[in-house]
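I've put the structures underneath this note.
Both complexes shown next keep subunit A, but they swap its partner, so subunit B is in the first and subunit C is in the second.
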Partner chain A sequence: MRYRNATAYRFLTPYLLIFAIFWIWPIISSFLISFQATRTVPWRFAPTFNWGRLIGDPAFFNALKNTLLILVIQVPVMISLAVVMAVLLNSPLLKARGLYRFAFFAPVVVGEVAYSAVFRLMFSLDFGIVNKLLNSVGLEKIDWFSNVTPAMALIMIAVTWRWAGYNAIIILAGLQSIPDDVYEAATLDRVSKLKQFFYITLPLLKPVIVFCAVLSIIGTMQLFTEPFLITERGGPGGGTETLGLLLYRQGFRSLNFGYASAIAYTMAGLAIAITLVQLWLTREPK
Partner chain B sequence: MAAVTLTNVVKRFGTFEVVHGANIDITDGEFVVFVGPSGCGKSTLLRMVAGLEDISGGEIAIGGKVVNDVEPADRGIAMVFQSYALYPHMTVEQNLSFGLRMNGNPKADTERRVKRAAEILCIDELMQRRPKQLSGGQRQRVAIGRAIVREPQVFLFDEPLSNLDAELRVQMRVEISRLHKELGVTMIYVTHDQTEAMTLADRIVVLKAGNVEQIGAPLDLYDDPANRFVAGFIGSPKMNFIAAKVVDLSNSAATVELVNHGGARLRKPLCGPLPAPGAEVVLGVRPEHFFEAGEGDCDIPVKADVAEHLGSVSYVYADAGPEELIIEREARRQRAGSDHFTVSIRAERSLLFDKTGARIR
Partner chain C sequence: MTSRSQRRLGRSILLHLVLTPLALIWLFPLWMMVVFSTMPDNGIFSPGIELLPHDGFLDNFNNLQRDTNFVGAIGISVSVAVTYTFLSVLLTSMAGWALARYDFLGKGVVVAIIFGTITLPYAVVLIPQFIMVARDFQLANTWIALIVPPLFNSLGVLFMRQAFSMMPAELFDAARVEGVKEWRIFLFVALPLARPMLAALAIILFLASWNNYLWPLLINSQPGAMTAPVALGTLIGLTKVSWGGIMAGAVMLTVPMLIVFVLLQRHFIAGIAAGAVK
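And then the complex of A and B:
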C-alpha cells in the first residue's frame, strides 16, 4: 500500500510543484509583502505601513463602497433573473430549448474586451442604441459614462448580462434534479403553480442558489474588467472604481505591491466573511 | 367512497397508442389491482384516473361523474407514488398538512386529519422528522398518510412497495390490506408483482401491451385464465407450457400428443368448440399439478437440473427433451444432485391453449 501511495505521489509531483510555485508561494509572498514598505529600495519591513494606510485611505473606502453597492444590488437581481430564466428554460412548453440554453450561456464565452467594446457602443450618448430606444419612448438620453449613478447602473447591467445566463444554467441543473412527482403530488393537493414555485421549487433550489450567490459574491469582490474597460478605469472620477481596480492601480500602475497586497487580502477576507454570513443565514435546519 | 368506471379508454403519446380501449368497472369500496409486465400501460391508466395524464379517447367516471376534463385535485382521489414524492424540505407533519394548509382548510380540521392519519399509520413519533431521516418503510407510511388526510373517495397506488426490501414489502402489504378494511375506500393499485396482486386484490386486471387481458378475482384468474399470457403471468413459479398436437377428437374431448415426450398422450375433455384435428396446441401445467408416476393420465420422464429447496417444498427445474419444466415436489422426495424421474399429468389439472394463446375450454 505504501509503495502504491509513493507511486501516486510521484505522478502528482509535477502538478504539486507547479501548484506550490505559482499558487502557494504567491499567496504566502503577497501576505508577507503586505507588511513591507515597497516604494523604498530596498523594501523594508513596516507592519503598519500598508494596513495603516488602508484604514485611512478615502480611495480604498470609495472602492469598497462601490464594490459593496454592486454586490448588494447586482447579485440579488442577477440571481433572481437567473432563477426566472432557469424556470422558463425548464418549461415543457419551450421549443428549441437547446438554442436558448446556448444563447443564455454564450455571454460567458464572448471575449471580455469584445463585449465591453459592444457595451460602450450600445450605451454611447450620441449613437448608442440604448439612448435611441429611450428617445423613441419619449425619455431623455442618459450620459452613461459621465455621471456616477448611470455609470454604476451600466456596470451592473453589463455584469448581469454576462453572468445571469451562466447562473441560470447552474440553477437549471438544480431544477431538473427536483423529481416531477413532487409537483404531481402538489397538483393533486390542489397547490397552484405559483405556490408550488414558492413552497417547493425555491426551497429545494436553495443549495444551488446559495452556491451561485457565493460564486457571484467572490466574482463581484474581484470585479475588474467592466469598470476597467467599459467605464474607462473606474470613471467618472473614480465613481465606478472597485477594489479590484484599486488593487490594479496600486500594484501595476503605482508599483506599490505592498499596498496592493493588503488590498488583495482585504478583498479575500471580505469575500470569506460575507460568504460565511450568507451560509449561516441560509443554513439547513437540523 | 365511489365507483370508478373506465369506458373505452385510449391513451396516445403522439401517434403511438399505449392503451387501446380499456373497459374496467370498479365497484364502490373494491380493491382492484392493475398488474402486468413493464410497459403494459398500467401506470398510464392509473395516471389517467388521477388526471395526471390526458385521456386521448373514451371516458373515466368517478362516483358516476365523468372526470375527463376535471382537474386532478377535484376528482376526489389521492395517490401514493412509487418514489413516495414527499416534500424533502418539510417535516412529516408539514408533508401531511401541506395540501390542506395551502387550500386554507381550517386549522383545527387539518390538525384532526393529520392526527388521525398519524394514528392509523403509527407515525406519531416521526412527525418532526424530515424524509431523509426516515427509513423506506416509514417514508411509505408518510406517503400513505398524506393520501389519508385528503379523505379521498378513491386511493391510487402506483407501485408503492417496489422500492422496499422483501421483508418490509410483505409487512407493508399487510398494512395496506388492513388500511383498506379500516377505511373501506375504493383502492386502485398498480404493480408488476403478481404476488402483491394475488394477496391484495378483490379483483385483478391483467394488462398486456395496452390491452386488458382478463379481469377477475385472484383465484379465478389462477384457476381459469382466459389465455396463455394470463396463465403464465399469474402464479409463481409460472405455469409450464408443453408443446402438443391434437391427434383425435371424440365425444367432446381432444386427445393430444405431447410432441417432445415420446408420443405421450392425454385425453382432455372440452366443453367449448373443438380444435381442428392435427392442430398445434400448448398444454399448460402448473408446477404443483405434476403427480408421481402412474398417478395421472400421462407420464413423462424428466431429468432434474437444478432444485430450489424452500423448506416445505422444492422446485425442480427439469429438462424434458427440449423443454424445461418447473416441478413442485415435496422437499423430502427430491434427492440432491442430478437425477432422472418420471412425473404424471392429469387432464383435469391441465389447461389447453391454441397456437395464438387463446384458451381451448
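And then the complex of A and C:
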C-alpha cells in the first residue's frame, strides 16, 4: 500500500465532514448539554441540574424499568426464535425453501409505521382479528390496550415479529460458514442431530449470536415507535413508556434539551456496558 | 437402508409440521394489512371474521387522500430516498476506498473513531442534530434536513472498505503503471468491480431512508414537508379517521418494498448479513 496523504484525504474529506458535523460533534455536544440548565436563556452550566433530577425522577425509573423488562424478556425469546428459524431454514430436507424464507424475512422491509398500524388494528378489543380468533376457539378476549401486562406483551410480540427474521438472516449466514465436514465426521461417529446442534452448532455460532444479541439490545433500548404508535404514547398510563419515548417527550414536547440529553447519555452508558460485555464474551481464548 | 430413508422422511415431515404454522403466523399480519386495505371501515369494525380481500382499496385510498396528502408525501419519500441513497453510496464508497487502499497520516485515528462510536445509540446525537438543523441552520421542513444528517451512517464505510480491500492490488497497480489517475482508477476500475456490494448497500440504504420515522417526524413536521411514514403516523390514533385508508397507506409503503425484496433477495440478504462482518 502506498503512502499518499493528499489522495487519501481527497476521497475521505466529504464523508469525514458529514461524520464530524452530524455524528462526532453531536456526541460531544449532548454530553455537554446534559450538564446545562436549558430552560433558561441563555443556557447556564449547572452540573447537577439534570443528573440530579434524573436520579429522583419516578418517570425516568418507570421508563428504565419498562425498557429493561422488554430487553430481558423480548431479546432472548427473539434470538432463540431466530436460531430455530435459521437452523430449520438451513435444513437440506426443506421443500419450498423460498416460500419459508419469504415468510420470515419479509417483515425486514416493513416500516415501523405500517406495521404499528396493522398491529394496532389486529389487537383491538372488540373488533381485532386476534380477539375474534381467541373467542372462536373458546378463549376469553384480551384487553390489549387498557392493562399493562397485555400491553407490554403486545409491544414484545410486535418487535419480535419485526426483527426475528432479520436476526435469522445473520445467523443463517453464520450457519452456512460452518464447514460440512464437521457434521459429516460427527454423523460417522453416530452423534445424534440434537447433540450435534448443542455441541457443534451452538458453540460455533456463539460469536454471531452474541453479535445479534448486542444489536438487538441496543435497538430495543431505543424503542420508540411501537409504544408511540401501538400503545398510544406509552399507554396505559405510562405502562409501556420506554426511555426512547421519555427522551422524545422531554426533548421534543417539553423542549427540555438538557434533561433529554441526560436520558440519552444513560442509554449510551448502557450501550457501552453491553458492548464491553460482548467484547469480553467473544474474546479470543489465550 | 429402508429404515434410514424412513427416518429421513419422518424428520422431513416433522420439519414442515413445525415450520409451516410458524410461517403462516409470520405472514398473517402482512396478509391482514392487505385484507384491511380493501375493506370499508364498517367491515373492519364488525363482529365477523373476514380473512379474504374485498374490493374497496380505491375507496380507502380516496379516504386516505382526504385525510392527508399521501401522494405528495410519497413523492417526497421517493425523492429523498433516491437522493440519499445515491449520495450515501458515493460518500461511503469513496471513504471506504481510501481506508482500504491507501496508507495515510491519521488513518488509525479515523478507523478507531468510526469503530469506537459505532455501537453508540442514535438517541445520543438526536438532540444536538435537531438543535443544529432546526435552530442554527434554520433548515427544518426542507429536503436538506431529511437527506444530509443521516449521511453520517458509518456502516457503509466499513462495508465498502471490506469490499475494496478484498480486491487484488495488481488490478490497480497495472492501471497506475499506465499513468491512470487515482480517481479514474476508483471510478472506472474499482467501482465496477464492486457492483454486487454497491447493489447490496444501495438497497439497504434506500430501505432505511424509505422507512425512517423518528428523524423525519422531528424535523419535518409541517404538513407539506412530511414523508409518507410521518404523514401516515399522524393519522394513527385520531378518532375521526378512516382505518381502511391507513391500511391502504401501509400497503402502499410496504408492497413495493416486498416486490423489491423478492426480486433482489440475494442482495438484500447479503447487505444484512454483511452487518455481521467485522
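Rule of thumb we're sticking to: the second predicted complex is superposed on the first by the 274 of 286 C-alpha atoms of A that agree within 3 Å, B and C clash if a C-alpha of one lies under 4 Å from a C-alpha of the other, contacts with A are read in each partner's own complex, and residues count from 1 in each chain.
Going forward, contacts are C-beta pairs under 8 Å (C-beta built on N, C-alpha and C of every residue); 3 or more make two chains touch, one makes a residue touch a chain.
What you see is a predicted model, and the numbers here were worked out from it, not measured in a lab.
A.B. asks: Determine, under the contact definition given at the top, whether A:R4 touches first (subunit B), second (subunit C), both, or neither.
C.D. replies: second
A.B. asks: For the overlaid complexes, name the partner, subunit B or subunit C, with more touching residues on subunit A.
C.D. replies: Touching more of subunit A: C.
A.B. asks: For A:L94, is the partner it touches subunit B (first), subunit C (second), both, or none of the two (neither)?
C.D. replies: A:L94 contacts subunit C only, not subunit B.
A.B. asks: Check whether A:E184 is in contact with subunit B, with subunit C, with both or with neither, and answer first, second, both or neither.
C.D. replies: In the superposed model, A:E184 contacts subunit B only, not subunit C.
A.B. asks: Given the touch rule stated above, what does A:P203 touch, subunit B (first), subunit C (second), both, or neither?
C.D. replies: first
A.B. asks: In the superposed view, which residues of subunit A touch subunit B and also subunit C?
C.D. replies: After superposing on chain A, no subunit A residue contacts both subunit B and subunit C.
A.B. asks: Can you check the complex and tell me which residues of subunit C touch subunit A?
C.D. replies: Subunit C reaches subunit A through residues 8, 11-12, 15-16, 18-19, 22-24, 26-27, 29-30, 32-33, 36, 44-47, 49, 51, 91-92, 94-95, 97-99, 101-105, 107, 110, 113-114, 117, 119-132, 148-152, 154, 157, 169, 182-183, 186, 207, 210-211, 213-214, 218, 229-230, 232-233, 236-237, 243, 246-247, 249-251, 253-254, 257-258, 260-262, 265, 268-269, 272-273, 275-276.
A.B. asks: For subunit B, which residues count as touching subunit A in their complex?
C.D. replies: 50-52, 71-74, 77-79, 81-83, 85-89, 98-99, 102-103, 146, 150
A.B. asks: Taking the complex as given, what residues does subunit A use to touch subunit C?
C.D. replies: 1-5, 7-12, 14-16, 18-19, 21-27, 29-30, 33, 85, 88-89, 91, 93-95, 99-122, 126-127, 129, 132-133, 136, 161, 165-166, 169-170, 172-174, 193, 208, 211-212, 214-215, 218, 221-222, 224-225, 229, 232, 243-244, 247-248, 251-252, 257, 260-261, 263-265, 267-268, 271-272, 274-275
A.B. asks: In the complex, go through subunit A and note every residue touching subunit B.
C.D. replies: Subunit A residues touching subunit B: 179, 181-182, 184-192, 195, 199-200, 203-204, 206.
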